[in-house]
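Look at the two complexes coming up: chain A is in both, with chain B in one and chain C in the other.
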Partner chain A sequence: MTVAVSRFALPALGRRRRPRTLRPSGTVPMYIGIGLLSSIVLLIVVVPFLPLYDPFGQDLVDAMMPPFVAAEHPLGTDSLGRDVLSRLSLAGLVSVGIAATVVAINFVIGVTLGLIAGYRGGLLDSGIGALSDVQLAMPVVILLIALSAVFGPSTQLMVITLGLTYWVGYARVARALAMGLRDRDFVVSPLTQGGSHGRTVFTHVLPQVLPQMAVIASFDIAVIVGIESSLDYLGLGVQPPVPSWGAMITEGQKYLQINPWLVILPGIALFLLVAGMQFLSQRFTTESVAPARKGARR
Partner chain B sequence: MPIYIARKIGQALVTVFAVLTIGFFLGRLSGKPGALILPEGATQQEIDAFNAALGFDKPLWQQYVDFLAGLFTGTVGDSYRQKVPALDLLVDRIPATFQLAIASFAIGLGAAMLVALLIFVTRWNWLRLALLWLGSLRQAIPDFLFGVLLAFVFSVLLGWLPSLGNQGPQSLVLPVACLATAQFALYLRLIGSALGEQQGMDYVRASYAKGQSHRSVVVAQMTPNALVPVLTIAGLNLGGLLGGTVIVEAVFAWPGMGQVLLQAVNGRDFPVVLAGLAVVAVFFVLVNLIVDLITASIDPRVRLA
Partner chain C sequence: MSANDTPVLEVENLVVAADTAHGPVTLVDDVSFSVAPGEVLSLVGESGSGKSITMLAVMGLLPPGTWVASGRIRFQGTDLLDLDERALNELRGGRLAMVFQDPMTTLNPVRRVGSQLAEGVRLHDRSIGRAGARRRVVELLESVGIPDPAAKARDYPHQWSGGMRQRALIAGAMAHDPALLIADEPTTALDVTIQAQVMRVLAASRAASGSAMILITHDLGLVAQVADRVAVMYSGRIVETQDVYRIFDGPRHPYTAGLLASVLSLESADGAAYAIPGQPPTPAGRGEGCPFQPRCDIGRDREECGARPHLVSAGGSSIACHFPLVDGSLPVGEPLPTIAPLALASEVKAS
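Presenting the complex of A and B:
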């Protein structure tokens, strides 16, 4: 429910305007976000073309080299002598790839269920609502622990689990948008001419919903990268020898006394991506998407 | 009110039962555990005997009936590895985990509450902006990374605090700081926008109109109304906080439930994990029961509906 705050709503004229929400705004966060993200893009896209060592190649003689010392290993090497920069780059690609897959699954499930719930309403709506409440109740770490105990931890299991759990946000927004569109003339008129509900939703409601959902989805990639790296840290996600920022930090934590760079460097990469997306998204969520999302809350 | 409470308790029991049932069948998806648990060279007889001892030779429905009967005697099955009731392995660890979770939650929510009130009563915009930026930064760092960084700075560099295990109260500082800062950032934002939404309401204008002071309008009128949505979300988040506890326990080698559960994953010891699911479900349901009761006592519309 949005409340229009007129100037009469505030007590005693002439007082300073009070904060309406607690969120940074303006264009500064957006530029910070773009800056942080460009460095990650460089890391993932450009680094593989540099003449560096293979991310899997071990070299115990050169192990535990600190960064900025040798030109052949610009960011140093890990405990097995593998090149940190090329591992960071590959790990970033893996993380973003996984997150994009997860978001794609979430998106399809969430939009489908949300449109059905919002368009049809009634019993289906309450059913889908109950399903999404169940999703919210189970912490994904605990859920993945349970599934990993049965099937053994793997990247596929993590992708499927995250894909099947994080769709609730999309469903809520899609539902709210569909409810608002349901009775509009351009949706009703195809029905009066004999069009089926399915076709009407697909050709007339979906295109109205997609742009906003796509904005949310692209920013969710960073959220999922954060969650995914936590799961990698616990050993429930990407399995060695494939590098991931989370697992690199687990590994580096053992050598925190000797070579803290093994934690700091993947930490910086993770921060750049997650923080960059977060700052960039604040620009968009506060200005264009927020009103619709607000309306989505029941 | 009694009917309302009874209905809520009923819903809570159904939820716990559903989680346990789903968990039970999930555990049966991987088939009989004998071949996975016993060492490589075990003979077929040994594997069969192992499975039979755990009741895996019976038909599935009978296993489920036995499982339900076990629930009434307070067991979810024995650990495959350690041959003791799985719940017992967790029960010893519950206090450590809850210490961590409840301290972080109380400090995070309490501080956020106080600071949000301070901001709204004093209208200190600079404080709002400063905390917003800090909160945004904190939320951009996953818990595990923040924990490792805390350990690096305060334990490795400064040597002020222990970073591993439980060596007395000072061991609690870093893990709680790690979780509480995230909780603080989350709740400051939630309470801030909940209070912000109240500002334009008619009842607030009416309070000002009858001459109530700004401080008393914020504290006595707006806060209870703003608390209802915040508490509801807090209840839902506490389940997630237990997930966060698992991660932070791993960072600081804190001897809680999370450590047992992660070991159980490596050992494919499903009954232990099922016991963990049971504890989380009961905790989650209890917390939300309490939240519902508090909400009902603040907001009469809830209990009369």
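Presenting the complex of A and C:
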């Protein structure tokens, strides 16, 4: 595969190539990622519009049907005779929605705290640093089990708990960038014109930090989907009858010998989403770390 | 300065300290000076002598970990140290403006020049509105000689030359006719060919608004051209304040004399620049005595210089030295071998 030749492998080829004919190896993972993700997008977006879409309707006569047997249930049915394809689709929507909400909460908390810590420095910085250390040391699953024991497991509880615990990555990077930007002339200059600190951070520091934050977010979506599914698997997240991939695996586990597809199919869906996001975000990272490559591609 | 003029800015016994790993150190030590309305005070001194920190203290924008330990900063009669952040914001960019050294880094690279200038305009005139601010920016750019200002305002900073950017920043700083403009080495980062142009623009906009200016610079040629008075800083202190003519003709502090002597001159005997021996002390390594003593030919072996010289003012000039020079030479008639090129400097000025 010639496209995958990296810049570093060039001398071994024995003949010099002009840099512009070189395609950065970073684009290959991106295409893989897009390919994997498009299957999930198809599942989530198109399936609900199919005439047979019905994630909740039970049909005990046709229960435990394997995939590719009946036209009205392309991926078979579960123990209650519900359509697996419809449930996979709805579960995907739920997963992506939850992950997006959690990442949004993390993003806002992390960027805000990071900018404050980096820009202000001093005691506030130390305080926020200590808070993020505490966050990192906290085992989220055990915390959620404890909270679920008190409040009862629910989707909202999971979203809030994850939202309040995974912001440290954003905060750390935003803090480091804000510290570097704080003394730059174009940040100090608006202050000499009478701009307040808050205003200056919002208009001149935040926009410089957002691209890096977006890269972290793209990584985090995959991480959060994985965590969310494992929490669902443990019964701590999305509650029945609303489907989730993790909960579908738990349910299917009981019938592993009768119909293993009930575990395999949500597993594949989970893999496609997580792996797809990872591949795609890898591309964002190379892009943000080495933007000079943009020029080399042309 | 006539007697009935209240100074625009009066700094009295300002002390600025900073936290370091080895405890607090004094960056600016007992600095006093004043600026009369419309006057140009030039603040000279080598890097690290505390010029910029003094100015940041005046602006109320000291970096974190740095603070005003004592002293007063009176601007048009109000003590800036008593003002809260809101009142300071009202002042900064309004009656008290600042121009930075490097126009390449002072504009945000990812925002259009016009919108950045409009930001400053709107901060002090909230009634002007978006469209009004845009028109005002175009006027401002036109006033500093930017060609086709309406189109140019939509450019990003990288599309402008350094001189254009500095002119635009001056226009922005002068937008609200400040009573005092602090210019921190406004031409240092520019090509020599552009420097004169920028200084002309600066002079023209100052003439229009009657602003006083504090000019921080290393460029003694610029000082001679622009300044009315000169304050020389060394190691966090002001060592001499003089009328610009007097400082070039007869510097009284040995450091000032050394500074003037180290300007490259075509007429100097051997073609080499004079260098003051040694290094200035670090803020932490400053002793009890005169900070210049170890480098001073006059005071090196004198016992009196082990005690701190205080800034003594008389007739608009002030000096902090136990043995000030009289007309550039020693009071007791001892030869001053290392400051020889000085005679040439005064000849040039006199002719």
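What we mean here is this: the second predicted complex is superposed on the first by the 258 of 298 C-alpha atoms of A that agree within 3 Å, B and C clash if a C-alpha of one lies under 4 Å from a C-alpha of the other, contacts with A are read in each partner's own complex, and residues count from 1 in each chain.
As a working rule, a contact is a pair of C-beta atoms (placed from the backbone, for glycine too) under 8 Å apart; a residue touches a chain by one contact, two chains touch by 3 or more.
Here the structure is a predicted model, which means the values were calculated and not measured.
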Next on the checklist: According to the stated criteria, A:Phe186 is in contact with first (chain B), second (chain C), both, or neither; which is it?
Outcome noted: second
Item to check | First (chain B), second (chain C), both or neither touched by A:Gly121 | outcome: second
Item to check | chain A residues touched by each partner, larger count belonging to chain B or chain C | outcome: B
Checklist entry - Where does A:His204 make contact in the superposed view: on chain B (first), on chain C (second), on both, or on neither? => result second
Checklist entry - Where does A:Ile249 make contact in the superposed view: on chain B (first), on chain C (second), on both, or on neither? => result first
Checklist entry - Which holds for A:Ala71: it touches chain B only (first), chain C only (second), both, or neither? => result neither
Next on the checklist: Looking at A:Val61, would you say it contacts chain B, chain C, both, or neither? Reply first, second, both or neither.
Outcome noted: neither
Item to check | Residues of chain B defined as touching chain A within the complex | outcome: 15, 19, 23, 26-27, 29-30, 116, 119-120, 123, 125, 128-129, 131-133, 136-137, 139-145, 148-149, 151-152, 156, 188-189, 192-193, 196-197, 199-201, 205, 208, 214, 236, 239-240, 242-244, 246-247, 250-251, 261-262, 264-266, 268-270, 272-274, 276-277, 280, 284
Item to check | Of all residues in chain C, those that touch chain A in their complex | outcome: 59, 61, 63-65, 85, 89-94, 97-98, 100-102, 105-111, 116, 119-120, 123-124, 169, 172-173
Checklist entry - Which of the residues in chain A come into contact with chain B in the complex? => result 1, 3-6, 9-12, 16, 18-24, 29, 136-142, 145-153, 226-227, 229-230, 233-236, 246, 249, 253, 256-257, 260, 263-264, 267, 270-271, 274-275, 278-279, 282
Checklist entry - Which positions of chain A touch chain C when the two form their complex? => result 120-122, 183-186, 188-197, 203-204, 207-208
